[in-house]
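Shared between the two complexes below is chain A, which pairs with chain B and chain C, respectively.
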Partner chain A sequence: MSRSVPQTKLEEREEEGLRVVGTRKMRYDAALKVSGSATFGTDVRLPNLLYGKILRSTYAHARILKLDVSRAESLPGVRAVVTARDLPPIVYGFAVRDQTVLPTERVIYCGQPVCALAAETAEIAERALKEVQVEYEQLPNVLTVEEAMKDESTPIHPGVVPAGSPPYASKNVCSFSRVHRGNPEKALGAADHVVEESYETQQVHQSYLEPRAATADVEARTGRVRVWTSTQSPFLTRNSLAEVLSVPVSQIQIFVTHTGGGFGAKISSHLEPLCAALSRKARRPVKMVLTREEEFVGGTPRPAMRFWIKSGLKDGRVTARRGRAVVDAGAYGSEAAVYANIAALQLIGPYDVPNFETEGLSVYTNKQPAGAFRAPGTVETAFAVESHTDTLAKKIGVDPVEFRLANAWQDGSLGPTGQVMKGVGLKDAITRVTRSAGWREFKAKRRGRRGREDRYARGMGVACGLIPSVGIHSSAAYVKLNEDGRVVLVTGAEDTGSGAVTGLVMIAAEELGVAPEEVILRSGDTDFVPWDGGAQGSRTTYGAGNAVLRAARDAKEQIVKVASHVLKVETKRIILRDGAARELGTDRLVKYPDLAMTAQYVIGGPILGRGTFVQDFPEYDKDTLEGYAFVPSLHDPTYVAHVAEVEVDMLTGKVRVLRYVAAQDLGYCINPLGAEGQIQGGAVQGIGYALFEEMLHDDSGLTVNPNLGEYKLPTIMDVPVVEPIIVEGHYGSGPYGAKGVGEANIVPPAPAVANAIFDATGARVRRLPMKPERTLEALDELLKPTN
Partner chain B sequence: MSFGSPYFTLPEFTYHHPNNLEEAMRLLKAHGEEAKVMGGGVGLLAFMKERLMSPAHVIDIKGIRELKELKYTSGIGLSIGACVTLAEVAQSDAVKHHYTALHEAVSGAADPMIRGRATLVGNLCEAIPWVDSPPALIALGGAVRVNGPRGGREVDLGNFIRGPVDIDLQPDELVTHLVLSESPPSRRSTFQKFSAGSEFSVASVAASVLLGRRREVKLVYGGVSSTPLRSLEAEKVVAEGEVSEAMIQKAAQVASRSVECVSDVLASADYRRHLVQVLTTKALKRVFER
Partner chain C sequence: MERVRINVNEIDHEVEVEPWMTLNFVLREKLALTGTKKGCDTGGCGACTVLLDGRAVYSCMTYAMKAEGRRVTTIEGLTGDGNLDRIQTAYAEHYALQCGYCTPGFIMSTKALFDANPDPLEEEIKEALVGNLCRCTGYAKILEATLSMKQKRKGRT
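And now, the complex of A and B:
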């Protein structure tokens, strides 16, 4: 099925002269946030509000022998306690149906909600948690994928059907995906060099500023559910809430507050079901906010992954690859299945590899369930693939940049599942970033100076990546013209803090010839805004942007018709500029207030534009894919190339990033200020992943660093100024040729830093984070006699 | 220090805000066992939120003017009141010129916001292993002045900090000042720490050397164990050896062997022992280079 895409290319738009898009625009909500007047999920207040808390499992795996809430219920001020018995027996999960809101028989990770309660004050609710009596019978737990895959290990979800029919007998494998092309075995046999490596990545938390927060009010008489929440996707939250509460979607109204970051963790419902169940039972509104510690123990982090990767080289090209990615899924399988699926696609990186077989599987363990996190499946895989790419270049003595340029995709290259790639800006990004970072000069100056004689070693590393502008889900928008000439933009898209929605305002302003300040943005109420897939998968500028573009053009057509009527000229002689419809080549015009009044009072009917956007995945070869494929092909990818310059303390293994340059191919950039912010933010988050962040568990499955003191995020002191480079001209099918922005920039930092360490010292760190102790081990490894 | 705390609120307590020392002492006498003294509150409030401490009374001493003074008197020494913040200590010229190790420890502690709030005496009374100032103060021979119903006393810091979160202080007593005697011009001191990024010290060392015919040496290690530790063995090497690269290397090795290190989420004991060697070398080089 083919759907038409706005095909207006930048060139033809430029003839008309773009006035708003392409300029550096401060985000529309900047003043609200800087002044502290934006209402976040944690700020919601309603009359008669109760405060909800969750009692969490203290065992990684245990049978619940007894759950007695009577003492908590009878505590003065406690208004409701909710257990599994208060919820319909729904088992859910989009890829693997293995999840319930509250457990009935067993708990399967430390931090899992066991029951929830609501009280008059937060203090009473906190005290009441201690009055809940739970008796557990501890069961054997599995905390690593190796253990979980052993024949004798305890199945965590006996009887649950895994995604993608894994060809493995193991009881805890919960998804399988495989991609292949050509004959990798034969090509490996014919290769000049074969290199085989293993890599390991860690579990990390999204660590947004605002913890999860929701407030629910269930009307006792009608059962109508109203929820105020900070979410990335109000409609997906509504859907999942309807499912687990077994109520029709139309019974639920979601209000979206400002959201203090989500990075993937706030797409679906999380707190909302418990909050609504408590409100329904208490017949009062209930508010729930997680503490930072609860976020860590009870959140949905980026899962740890393990990689095995083997490549064959012939004549400076990668001719063969075999690869495998194993996702440590934690307690539930659905999100992990997506990681494994994407890992299988990304195991060839953005390179021409004619023969390959890659697979991804996910495996249950008794830990926090995997959740989406900016560029899921890609960030981890890129650490393995891009580190490995440097190892390959080193093997044949070729500069890593030259090696990448020789193997990189270009227009016409085949994607992992056989799609024909278009608008590939990768080589441009590599060239621009290395030139800007002074790659050649650095290498020339440093040649021959390496070794333990210096306390500090310097190195420069490069890494690439790609992320599709995700085609899943649709977007829609309305554009109205008010009687004062201002434009109302109604969208289902949400801004989690990325600033993407500012781009939507700019698009509407551009198309209707008004200043962005004249556009009033309305969103965040599922009863009134059109459906949107939400802020995920780099899709807001791209998907919602296309919907807004169409809605604005629909409104424009209507405006032109009215203007034609008023000015008595043909529609094609009318242009929209500076808040008025004007006759070309004359000074005759009708200002928007008059035009809107004419439309409403004289002609009848408001100016109301409507636009929608949805697109299938690009055409691909179905025979290349086996197993679970949430993402079967790559939708208009944005390409990135980053360069890191580091200093390694040879005595302690401490790595400092001295300089960081990041290029991203955006097709056409709607708002450079916003895009640069995303590039910088992604790079910083990626450096945190590279060097500092790691959730740690003890043998009982307890998270031992569930706080921002011991879980180390980078501060401004730990990162250099990230120098962003926007690459344009390799157009995508977003508005004006734009591509998605928000995720790709977190992909290269870990391998770029690893490759810089490799360049500086010759030591290859194969496990994240590259904390001093681990880097020192890799340095010591180098000095060991090899025999 | 945290176990997935579900608490947003503080436990219930009565808040006291005495304006002078006598009032504070009266309150301590009345509520002693059930009271906690609050300076900057940086540590106490976090502990209370986690329910690691639930005092029924919090006595906030920030209103006591006489405890806000940092005073250096030539020939006598330095006195730092219990309400003096780390930032104020860091900004003091006297500290910078006469007590280098202390200056270095407080200047690089935590971040500017915390330094602006946390007090030096609070640092000592909390006795948390990875805090930077105690090793420096122990190396410089610091003492705390304690006020109590049985009169005043002065306790050497090496004895004051008995263990993690364990100090020589009765519930009805208050530490009013940190005192350091006049630092002779022949003393060289430094504080060196290692952290992966801008965060807790994984290991630190404070070195103080009185140059002269009989060299007096103190090497105090922080962050490596549950409490600041001296390496008497390494001190001996430095005190008795000829100043040379070889002596410094030997002292560093001896320190690395003799200082008992622990493993935790920040680092392994092995790595800490390695850091002790690296930091000792760096500190001694600095001390003898000046």
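And now, the complex of A and C:
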């Protein structure tokens, strides 16, 4: 059965009078979490539990000559050791097939799992790791993309087929994506000004507070695999686990615990395959929790990227662009290919650029494999594009805000692959954020007063961004009415902290005329909940939200029918409000408990609504795309504009963010309190990326700062209170006109801060993070005589 | 192994500990009080914060033996009567949490501060919470929640 529910129009909503959505609601899980009773992946306890640990490679690139686990196996208390031989020989990867759970011949990054074992206690397991004998023959390692692309460099994955048929001969290029429109060469030739720049971003870790954790219990008789895990996507975890274990998906049941943050890293399986393999072999449940150090050395961070960007200007407009992004993929190519694909799309930013050619490639190195991290491919690209946009404005002496407004997308603009953009709230966001930050007043007050003699310089910078409300992967929901009048919402969606699931509860409550407290949420068990693509790509409010809306409206229809039968009035004269179906304009009503009982015992069958959501990519021009295209066009983007005010210490190069204002076009906001939290949290993650965070490697490929002391995250002292602005009215096709929320807010901080530093000092920092020595270098650059 | 007596949330416990065992390990693994989290094991994140004789400490950096004969308060100790206390209520109402993993640690640091100083300045709040990392909220709503608990007294803002 397929049902199509048209999007609710604003007018219709106002007529109906929305009571729940649009109000400031606490999280549905707030009480559980503040009382310490929410069970996270790290908190899972089962009887008879063993503890698993991973032996990791100490070389960035080496041949395994010998792997002898016999001494470890015979240690008292050790119950299972798993090597590549205990797993089916599956090579996987959604874009590039280059990955195995455990290596057979070579290790290709420092920190790569070599084998795993389970013991009665974590301490015995740790001790047993030391008893595993591995002999390596060290191979030449490749740690930078420059090295990796040289003709003489060592191929990291010989024989693997790259994604998108790269036209480059280099042995380590693992993906290629290109987007082009118009005639950039001709337009560059005709330009009044041509500006060319390079930018560089760093490798950073998602640094969720809860380390990855999984507990697996494989039933010996049936081989049935049960896994308790803190995952963003139970179904993708189940499916990837089924693939590497070579078992049918129905043999696997995933139970989702509360998830202590994921930010992209907890989408697919990671610990689960090793955990299940250990449990299968030991015939007992096995729990694995990564240490913080393992999170860094063996994680899947945001990859470092390099950018080259060249633009032509004519009459104050960007008329031409060429650009290239190179992703330092690390050991595996699939996630990096997505970064490169998105970078190619985002290299024109949210601006009308009629002629351009942009490409993204990813290149293997012997480092941690790239993994998803909030707004992958966009955060990095925005640093290059939005810094460059300020350089362009400066070139022609136009205020950066005016320049952006002159070039920004609006309804009817063409997206990178030629789709027609609609519901574009970018200009509104720019106008609101700059007004609120006092942009004009700040610039007026400071005009002509850039004191080189002052120790502290202040500046204000703006930056924009966009993220599609990704519609890929389907969502579904069930809604049922209990005999006490309460509503059960069953969803496959997960909430890693974003608050999106609280929004789902609000939507069900709204549609069925009950208080959100009357909605019981059930999720997190793949045997019982309907399929959902998981918490990724700003999709929960948008995709799962539409599914819940449809399920609730399906239930509503059924409720109205029963009420019509009971009240003996036409269905169109019935409304749902305050836990009852009511006849319009009269006092006659049937309360939900009576209605549910009537449905069940008189008419037969429960009130059970179901709804699904799936959406194809918006129509685009296929001739504009070449190579790998995980994302070919943009579903209903949410637009952001941020303003940062900074103070630069001219003596030490230290940058302090004094004020930060962040506007986001959300179409329609389901829960302003939750959306503000996302905007503030995303902005602060972005400030960490801008100023502090960086994973560092030594020449051997070892991560040298694998702890939260040396990998610097922003603390409460490092950041101002981010001032959020929610922009509504430019509707998307999410519930009530909503768009995605969770990712776009991390996009502008790095360029906004860089542009503020530029405004304060005239110095352009081109490399992240903008730590004091880099700011000083940029300041020194200013003082160099130009020739 | 050695037997130590620790009072946790006003209940006396006798536990067998080895010298390397941290207070965090004893609370989570021996007493099954998993409300206290472990985020890093090196004193870098604050998710494991508990009160030791009323003062906020990192339980992952405190040896269990050091808690011998002392009073430990964990997040579970705040809901002794089944109701949320005022700090927990303030965090919930102000949306001062998202994933919630850092939340017990933040609440315990907040409690240590307010028990000692019911009317802290904003700077004092920040100093008390600087040892707790939150990756989700950007701290704005945490600061809002804690500021809302200040006793309204004249002359101080």
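Note that the second predicted complex is superposed on the first by the 780 of 787 C-alpha atoms of A that agree within 3 Å, B and C clash if a C-alpha of one lies under 4 Å from a C-alpha of the other, contacts with A are read in each partner's own complex, and residues count from 1 in each chain.
Criterion: a contact is a pair of C-beta atoms (placed from the backbone, for glycine too) under 8 Å apart; a residue touches a chain by one contact, two chains touch by 3 or more.
All values derive from a computational prediction rather than experimental measurement.
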| item | value |
| --- | --- |
| First (chain B), second (chain C), both or neither touched by A:297 | first |
| Partner, of chain C and chain B, that touches more residues belonging to chain A | C |
| Partner chain(s) touched by A:783 [first = chain B, second = chain C, both, neither] | neither |
| Chain B versus chain C as contact partner of A:126, first or second or both or neither | first |
| Touched partner set for A:497, first chain B, second chain C, both or neither | second |
| Touching partner for A:681 - first (chain B), second (chain C), both, neither | second |
| First (chain B), second (chain C), both or neither touched by A:36 | second |
| Which superposed partner A:707 touches (first chain B, second chain C, both, neither) | both |
| Touching partner for A:717 - first (chain B), second (chain C), both, neither | both |
| Partner chain in contact with A:652 - chain B first, chain C second, else both or neither | first |
| Contacts on chain A seen with chain B and repeated with chain C across the two complexes | 291, 707, 709, 715, 717 |
| In the complex, chain A residues that touch chain C | 26-27, 29-40, 42-43, 45, 206-211, 258-261, 263, 291-292, 496-499, 673-674, 676-677, 680-685, 707-709, 713, 715-717, 719, 721-722 |
| Complex contact set, residues of chain A against chain B | 53-54, 56, 111, 122-123, 126, 129, 289, 291, 293-294, 296-298, 651-652, 654, 691-692, 696, 702-707, 709-710, 712, 714-715, 717-718, 771-773, 776 |
| Chain A-facing residues of chain B, complex | 1-9, 12, 111, 194, 196-200, 202, 265-268, 271, 274-275, 278 |
| Complex contact set, residues of chain C against chain A | 28, 32, 34-45, 47, 74-76, 78-79, 84, 88-89, 91-93, 95, 97-104, 107, 126-127, 129-144 |
